[in-house]
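Letters are used for the chains, namely A, B, C and D, taken in the order the chains are written, and counting of residues starts over at 1 for each.
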Amino acid sequence: MDKNRFAMTPPMGWNSYDYYDTTVNEEQVKANADYMAAHLKQYGWEYIVVDIQWYAYGAGSMRDKHQYIPFSKLEMDEYGRLLPCPERFPSAADGAGFKPLADYIHGLGLKFGIHIMRGIPRAAAQNHLPVLGSSQTADEVANPSSICGWNPDMYGLRKDMEGSQAYYDSLLALYAQWGVDYIKCDDICNTSIYRENQYSAAHEIEMLHKAIEKCGRSIVLSLSPGPALIEKAWHYEKYANMWRITDDFWDKWELLLNMFYRCELWQNHVTQGCYPDCDMLPLGWLGKGFGEERQTNFTKEEQVTMMTLWCIFRSPLMLGAEMPKLDEWTLSLLTNERVLALMGSEYHGVQVERDGVHAVWASRKNGEDAVYAALFNFNDEEKEVGVKTEDVYAAVSAEVPDLDQELVMEELWTGEVQQSRGSVISSVVKAHGAKLFCIRRA
Amino acid sequence: MDKNRFAMTPPMGWNSYDYYDTTVNEEQVKANADYMAAHLKQYGWEYIVVDIQWYAYGAGSMRDKHQYIPFSKLEMDEYGRLLPCPERFPSAADGAGFKPLADYIHGLGLKFGIHIMRGIPRAAAQNHLPVLGSSQTADEVANPSSICGWNPDMYGLRKDMEGSQAYYDSLLALYAQWGVDYIKCDDICNTSIYRENQYSAAHEIEMLHKAIEKCGRSIVLSLSPGPALIEKAWHYEKYANMWRITDDFWDKWELLLNMFYRCELWQNHVTQGCYPDCDMLPLGWLGKGFGEERQTNFTKEEQVTMMTLWCIFRSPLMLGAEMPKLDEWTLSLLTNERVLALMGSEYHGVQVERDGVHAVWASRKNGEDAVYAALFNFNDEEKEVGVKTEDVYAAVSAEVPDLDQELVMEELWTGEVQQSRGSVISSVVKAHGAKLFCIRRA
Amino acid sequence: MDKNRFAMTPPMGWNSYDYYDTTVNEEQVKANADYMAAHLKQYGWEYIVVDIQWYAYGAGSMRDKHQYIPFSKLEMDEYGRLLPCPERFPSAADGAGFKPLADYIHGLGLKFGIHIMRGIPRAAAQNHLPVLGSSQTADEVANPSSICGWNPDMYGLRKDMEGSQAYYDSLLALYAQWGVDYIKCDDICNTSIYRENQYSAAHEIEMLHKAIEKCGRSIVLSLSPGPALIEKAWHYEKYANMWRITDDFWDKWELLLNMFYRCELWQNHVTQGCYPDCDMLPLGWLGKGFGEERQTNFTKEEQVTMMTLWCIFRSPLMLGAEMPKLDEWTLSLLTNERVLALMGSEYHGVQVERDGVHAVWASRKNGEDAVYAALFNFNDEEKEVGVKTEDVYAAVSAEVPDLDQELVMEELWTGEVQQSRGSVISSVVKAHGAKLFCIRRA
Amino acid sequence: MDKNRFAMTPPMGWNSYDYYDTTVNEEQVKANADYMAAHLKQYGWEYIVVDIQWYAYGAGSMRDKHQYIPFSKLEMDEYGRLLPCPERFPSAADGAGFKPLADYIHGLGLKFGIHIMRGIPRAAAQNHLPVLGSSQTADEVANPSSICGWNPDMYGLRKDMEGSQAYYDSLLALYAQWGVDYIKCDDICNTSIYRENQYSAAHEIEMLHKAIEKCGRSIVLSLSPGPALIEKAWHYEKYANMWRITDDFWDKWELLLNMFYRCELWQNHVTQGCYPDCDMLPLGWLGKGFGEERQTNFTKEEQVTMMTLWCIFRSPLMLGAEMPKLDEWTLSLLTNERVLALMGSEYHGVQVERDGVHAVWASRKNGEDAVYAALFNFNDEEKEVGVKTEDVYAAVSAEVPDLDQELVMEELWTGEVQQSRGSVISSVVKAHGAKLFCIRRA
């Protein structure tokens, strides 16, 4: 199996976290899957991902004090493997696990993903549970010094221990049997509690990779949370399909602005099967499970900026919105085929320039004439954003046009066309907004 | 209660760790106490301290793999308070705790100390045990993100939570009832697993201090492990009696050499009731519990260096040796009254100078004429070590003698006397050795 | 000479920087000295300090671009020693240096101080000037890798080089001949450009100390800029009289608030001859040389807070105001004898408690009954600030009064008297303000 | 101009530093060029690079004290541009500069390179020299706070200042006129003196890149010293051709061992025109200018290891040896065409695995069947080094052969051929040595 063939282009899908936090249930997952199948599938959206603590009883019930209730009851089998909480996922009862839900989603022509925390449940270690396929027990494979800084459920697994690999193998065998297509593993991309070794779970990434290979199913491996460590780029590229390049991303302008720095940093690391991940898209309705249901705080211009950057950079696209509540405008943002085309495997996006008030990115498909240029305005007011034509073409290694040659610039969000000539590509861009041009010789 | 009156001079005693690791038992403690009462008490030695995991079953039984067996059985009462393991401390059975042993030690005219890990047992949290004197339970007061990097027994206690203070109050009430005189609390002086906040348990120090005040017994509070954080000196000074200024100290020359840096750093922080702690003295027979029983690796000269530094700096003196096996020479090192006198409350030791090959310290008793000077030779061969007379006297704010005045220098370890005149105090010192002079005008 | 006897209490004086930046001239210095002699001397204020670049031609003339003009003309003698620029200090002409000005100030019964940058002028090194009293030349003693991050005038001096000490000796001989009483040496307390070795000029501190001893004049040595390194406290204490515990302090509330953290850190390091320094008092008229003459931005309450903290902590007091423009109210702030008394050598101030909204400090004179308590309100609105009576008395090691004993609390800024009884000392304090009580048993 | 076409494969050449330090002269450069033309040119070796301080009088004359004599005489034109010291480069007299030497080297069919320090001479700034093509002067464009930590000659140039770009333009115009083909710019890849901003000269890299584009000559830009910052990989890739991924590399096994870590880190950053640089090859005779002429300390096995790693990683190859003294064996190491072929533009080398005792790298040419595998033995004794066949093929995205298919393995240094079958590729490798196999299906 070649993990770089599990996802030929950046995965596109939906994730339950931004709207539901820890609380999503089966019915809600299905409703979102139904919506995707009906409205988004045809544009390439395909993953339905159930995020954190689907195994926890009472998840979200003490939200004012704890996002994750310490030492609370978790649904678990006799081998220390977490199972869906049947109170929220009724079809999982009687050991069925996520298989019925996965079947439902597959029936819609979509793919099914789940979130996991790295490691083994603390309760399994305390109770000395057996590990399936190993003579070692949970207390032996659990590393009592390896915890997550923000979630109390698990211990990390020890390195170079047969039982550790066996535990992950047992997990993936179960997930493959359920029909899982995508795993978002958390507390593994950056184990930030350990400041001097933020990559302390590198061996667990390798074990997960091996367990996927052994399970025989092409399961995409997505690593969280960020920021991923640039000095480990080669390791992510070798063992995983996606890795978060930022801590949790939300609908705040400063975070979006900061993403330009992160994309600059990772721009030369986007290849087939290897996707630096800008995190979920906080669009539409959000925050219900957090006790503050709201529409995204981003302005429309900021939303255009986000989608333009994610697409030209070729980040995975994971929608955070409650899909059944999507409005027309937001839906149009997610279904612009000309823009989504930049996610294609033969495109490579690069930053042309960036400073405190603007950025310019360019992209091109190998062997094609057309050049794509995105102009971003970071100012709090409308401004003209310009860049040397030469620099755009050079950035994507395209032949620079003669300065007196006319260029046709088509803006891909609005369809507006403008002519351009001379040494500068420029346009007026709204506050915090973006324009994305397809440029051709006239 | 004024904690600065609990120990008017640096505590002197014995600690079970260097010889027994986690395995010491009642009989062994008594044998050491008997020896101290017979041979050392008269020189000021008085504390008998039982170090780590006196509550653990099977402690030391998997020594090749684990110093502390993860998730193993701990003796614990119904309020999550750890009790002496009755297999090793028979007199503790039936809820007697350490009281019988403390009584025995008090009967010898000595004092009794115990080691604790900060926090509450992980098992108590997992099992939702009640906290005595509080409506909160262990799972509520335990902080699942606050662990020790090297011992798996406990969780730290949450800040600003009534039940956390109640738990420590319940501990100290029990210890006071047992007759404990000294607590060495571990994983608290430097919580080094948290690199960006190595003082993450500051609130637990304050809670322990309050619990001691409430318990009504003058219990010395000793904090481990080091290195203590110099920027928190004021906080240690406010709430504790001793704090380790080094990570575990053993019988290696590099560690001893390094201690000169540490004493330099802390020299102006030694005051009544406040003692920066250079850690146990690895003298005599050591290491049995570690599976490598041996005599100290220090040469005799290095042992003299260590004792000279600890005494002139006024560190607590905690003997790591198995006392019943002490030889005559080592015993003489521990019972030199002229040297031990420098530990007195009116002395203040300061570094005069230090470089890669030597150091000089000086001390003086307020109001007295005699000046003490320690010459240390860091070279691997015998060398003459010299220092300007003027600098020694200035360092202890004493009036500098005339250069042509004769000085009488008495070496306190050997009793040798030499005359000196002129601007330099100097003597030939053996490799890694020290000379400690009492200097008076002739 | 014992440097700890050069200043028996924290120095009090005036510094030209806050008002004049680099531009102060002889006439202006004299005008300020005259004012001090007439209005402040009787309260203990005595130092007149000429701050940075008194040797530079054209200082301040390119203020929009450079605070210190790179590679500009400096007045210098044939041994690379900087001299007062005669355009601004006419009496310094013909080699008189600062002697005439120092004489004038001494004639008023005051003391005279100057600012210097550590090291030797870059121009002296480039031109291979001789060093007085040494066969080495400036290019040999200058360390081309040791510069100041913010001032381009000097190179640091090499370690362990005879000519380096000779250069400092030649400086101090000159200054002693001029009659200098106080040196504020800059770029030496924290050489922050060298992040991994912010104490890279430790040897220059030692050389300055030696040069002062050799020159035979009791010249106070003040080190800048901060923040001083707490792990070098012992070194400052051994070689200097004052050291800045903060970067430049200005009239901004956040900086004042931050000083409470700094005083907490350094509280146990204030002893005779050793003064952690909170920096100049930005009161009255400020900023003229910076091109923005203004009155202090501090509210009156904030000014009271500052004076209370500086005095109870026992920081040196260096006035930044243009003294001839002082108003009555500000003058009263500087001449409150009851408050200034806390600067006395037998007082020791300590923090009792501090959090995000308030702080309490206490002080006491050895052997006296009266206890001083300062209550600080960090809120943006008036609030009641309270503290346990017991904690205040314990902090200064005073016997705690009976809870039913009546206490008389006299507020030292207003003279108001209130009675208190019971376990709490408390008072309503204005936003960002302070109250300073002298508390006695009724 | 597209800088990625300046060097289609990693540059190969000779550098004067390892043998001559700062002292190389014209005759010596020519002798080395003659040798290269006669013996190495045909294998792709082509650059002759004159390293540091070709402009300094007396370079090397105080080698016991200074590698670079501070404030010494530098040959410089009226615009502050450094010129070859005519005492060592006689043909440079009368303003001819390096043109005659470059002509000579070009005449041999080779290319000519020089070393520069970033910035402008300190002497030019102190003397306010004009900048060619600008109204600004050296004192205005020099940044007095931007120095090199180990060489005292220069100041960095200010950012966003017209005269700074003009100065670099004037340099490159001169170098282009001389016929320079390669610039090794120092103190720019990692300005390590500034620990918090080790990329403080990023703007100078951009200015040099622009100046090269303006000068119209395809001058390769090589950046030193390392370690290059992995988080700036995108920036090096955009503006430079080579960047040092290590601090100075010498003939010590620990440094060679460490290079495996560095190559692991940078393996996915080797593309046409972009070459992470492992530094010079310390082979043959070395160290004369350092006062310790010697043959390389590397064993023959270590030399094979070095060459194998440099080639499979595709580092530039810059020979440090005095070429006229090369022995047969070393020459054979440099002229193995089968090994050097791995430097070709269609090869990509990757690490397959690495631990404390061994490493395996693999490479393959796009579209070809043959797979290359390098087995490295880090042990101090001969050992068998093995790797899963599957892992080697997967690492270079080649189809994994059937386990029962026979493979023919040809070792490229010795020509030995071995058959292999099954799941493991393995061979006995000498201590610190390497074997490099070309593997084909039988």
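By definition in this document, a residue touches a chain if its C-beta (ideal position, glycine included) is under 8 Å from a C-beta of that chain, and two chains touch if they have at least 3 such contacts.
Chain by chain, the UniProt names read as follows: A, B, C, D = Alpha-galactosidase.
These numbers come from a predicted model, not from an experiment.
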- Query: So, what's the distance in Å between the C-alpha centres of subunit D (Alpha-galactosidase) and subunit A (Alpha-galactosidase)?
  - Reply: 39
- CA centre of subunit C (Alpha-galactosidase) versus CA centre of subunit D (Alpha-galactosidase): separation in Å? 52
- Query: In angstrom, rounded to a whole number, how far apart do the mean CA points of subunit B (Alpha-galactosidase) and subunit D (Alpha-galactosidase) lie?
  - Reply: 54
- Interface hub residues of subunit A (Alpha-galactosidase), defined as touching at least two other chains: none
- Treating touching as the only link between chains, describe the layout with one word: line, ring, star, complete or other. ring
- Task: Any two chains that touch count here, so list every such pair.
- Result: A-B, A-D, B-C, C-D
- Message: Help me check something: in the complex, which residues belonging to subunit B (Alpha-galactosidase) touch subunit A (Alpha-galactosidase)?
- Response: 70-71, 122-123, 125-126, 128, 139, 142, 144-145, 147-150, 152, 193-196
- Mind listing the subunit C (Alpha-galactosidase) positions that touch subunit B (Alpha-galactosidase) in their complex? 2, 4, 230-231, 233-234, 237, 264-265, 267-269, 351, 394, 397
